């Protein structure tokens, strides 16, 4: 009998430690695991390194985690979405480090970390400031830059449906970084709007196989960043 | 209006040229695109480099292509399945070159070729004869070997269902190498037991998006290697 | 393009001109902003399939309110729809499409384009700017052809087509062709080369507003 | 193991002994041949999830004739079934599981295991052999723990546990523990270390059939 369910987001994030590296799924609000992030804010871990494509908007979710000054560094491709003020303020004040990575390189570095590929050569960013200080090498007639896999201690992602073995399906463009991030952490935590028994999902359509998932939390009606922001919410 | 259907396997493989590199899907008989391979035998191209996990069994499918002496080199992880006599005979006679690649490295090299990753470092095969002559490098405290992406001129694969845009679903463990091979060739040709209009498949469950597929051939009742072999078949 | 610019092509006219150059069945990624207009000007009889790098192939136009889904968005984080034949996928697959050369065309905006095809479109390098790159560097490194769609000059009246970019690069020697309000210009081994002038615009008018030489002998060939 | 070997553990007894050491909920890859017997000896109350590298997690036993599907096979190309919670995936994902350290355990056969954990199990290096490796090198490089399950000696009576492998390696320093018909032996920083003897087998009997020293002080700790 295998059952990866945790009773609450609070319990699922309880062991995230100060200084941990945490991957957080989402592209803008699509796929952002807000309830897990809020549980992490409540939990209190600090000095985190966060890997996430954006930095959140308004005063909820990822932006709220940053605003609480729990994050010392973010690895990110696009930290200035419209409606994002928390990160810009912290960044200008020198209160957070930024490692800026092209979006496709970020995706591939996370995939590599999860797949046991320690490093790879890519043509992306050659000749730009984001390749400065990186090793490069010519293959054929083209220059490539060496990029390294990324791994994390924890991953927080949002699924549409998960089963008790940790198999996960996503909703439309909320899928984005979640499948790679699920593979690249020591502990992967999924919040899912629907949780079903193992065997209820078609084995042909599973996007994230359960081997990559450690904890499943049922969050039946997940909040959306845009709705919270329109309502003027802030967390906590 | 986009319609990638070709009327027959014969027409779909007509432009495969002498000396081409051809990826052929399948793990054993599961996923082997027998009708496309037989069309390639009829078509007559020779001096081919084939990328495929195995070398076929009996005197049909991939084994028949080898037996017709159309293949000068095979890139392969396991060329001696039970029931495989054609390849061993050719190999011992010095009539075919073999590049032996660990199965996971083969999969990753094909994926890399399709994903624009020119090369990567892997721990697989370090310290073994298959790493001899390859560049290696220590990351952390572990040695890794440099492996290069593979690309092909053509890919031949077998799907369960395809649509007119080239989106493909597979059947169980017949999926194996097909999704990566679809990405790594200039021209990807799919034979599918069922062909439907674009829009008939759920966008959430598509395994190979149509952008990776150039030609779709409807093969309603594909042959199986084991059934042909039990019947004592040989091709042509 | 401000409303004060009443000469040359309008934004929609540029988009229409770009669309004319895209073959039927092309897989296309449209950058955020003015390039998105291309989707409104697809020539009759052609179908383009739109890729949005956050994970959808077969993107459709903005949704009716009843179909609006906050988790069906484009790379600009705006809500979109999906067309028949669409597919969702993760970021690794999406950028495999881009980096692996599977997309036929990317249409992007620009801060500057150099005569050798260098593109700067992600950062002005200003000290107080928040650096943000998204998928721009991946697109220019991987997509088969990169078109730039832009006003010919900045709002401040500075040329965007230059001998050498002064802003931080997005990629080296990546731009194929430029569509501005004044002209269509190819990037060739010999530098900028005129393909076509907007109605009522003279070559000298364009050259004066371009900070690198434009060759003209290319125009006839390119139009054929 | 031939029927002549009537002393020590039977193949099934070895499999049972291996299974005892696998925690509930483990993700396990069983090599083709004798390791497959482990699946028949899962202790009561435990569930193992079987991975087969050709693209299935949640592999079940051989099918009834009515359920037999030539495209639902294992890495040995034999027909199998799937368990509730199973998932299919491609080879890149399957080997991401392996190489990325997501599998808890691989149980493999061996030609030779060296005292430093080197494993040779893919080729005898014979001149006329057809070289074939499959996923063996990936498994030993990536899976968290690698158990070897083997007869203690070859059919010809040669030791399989050696000081240094003479056959071509599958991987360097990869084997964690060896389960033979005679004993359970750990690979430690000090070489082979006895964990347990099969019923009726003495330490000297095992040592005589092993071409490298076996330390014994380890046994008590390892059993705790």
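For this structure, a couple of remarks:
Labels for the chains are A, B, C and D, by order of writing; each one numbers its residues from 1.
Heads up, the rule we're going with is that a contact is a pair of C-beta atoms (placed from the backbone, for glycine too) under 8 Å apart; a residue touches a chain by one contact, two chains touch by 3 or more.
Just so it is clear, the model here is predicted, and its values are computed rather than measured.
Centroids built from CA atoms put chain C at 36 Å from chain B. Rounded to a whole number, the gap between the C-alpha centres of chain A and chain C is 29 angstrom. Residue positions of chain A touching 2 or more other chains: 108, 111, 115-117, 122-123, 170, 172, 203-204. Counting partner chains per residue, chain D has residues 56, 82, 88-89, 92, 95, 98-99, 141-142 touching two or more of them. Taken as a graph of touching chains, this assembly has some other topology, since it is neither a line, a ring, a star nor fully connected. A complete list of chain pairs in contact reads A-B, A-C, A-D, B-C, B-D. For chain D in complex with chain A, the residues that touch the partner chain are 24-25, 27, 45, 47, 49, 51, 56-58, 82-89, 92-93, 95-103, 141-142.
Only residues 27-31, 53, 77-82, 87-88, 91-92, 98, 100-108, 110-111, 122-130, 170-180, 207, 224, 226-227 of chain A touch chain C when the two sit together in their complex. Interface residues of chain D, counted against chain B in their complex, comprise 52-56, 69-73, 77, 82, 88-92, 94-95, 98-99, 118, 123, 128, 130-138, 141-142, 168-172.
Across the complex, chain C is touched by residues 1-2, 111, 113-117, 163-165, 167, 183-184, 197-199, 201, 203-204, 206, 209-212 of chain B. Of all the residues in chain A, the ones that touch chain B in their complex are 108, 112, 115-123, 139-140, 142, 144, 148, 169-170, 172, 203-205.
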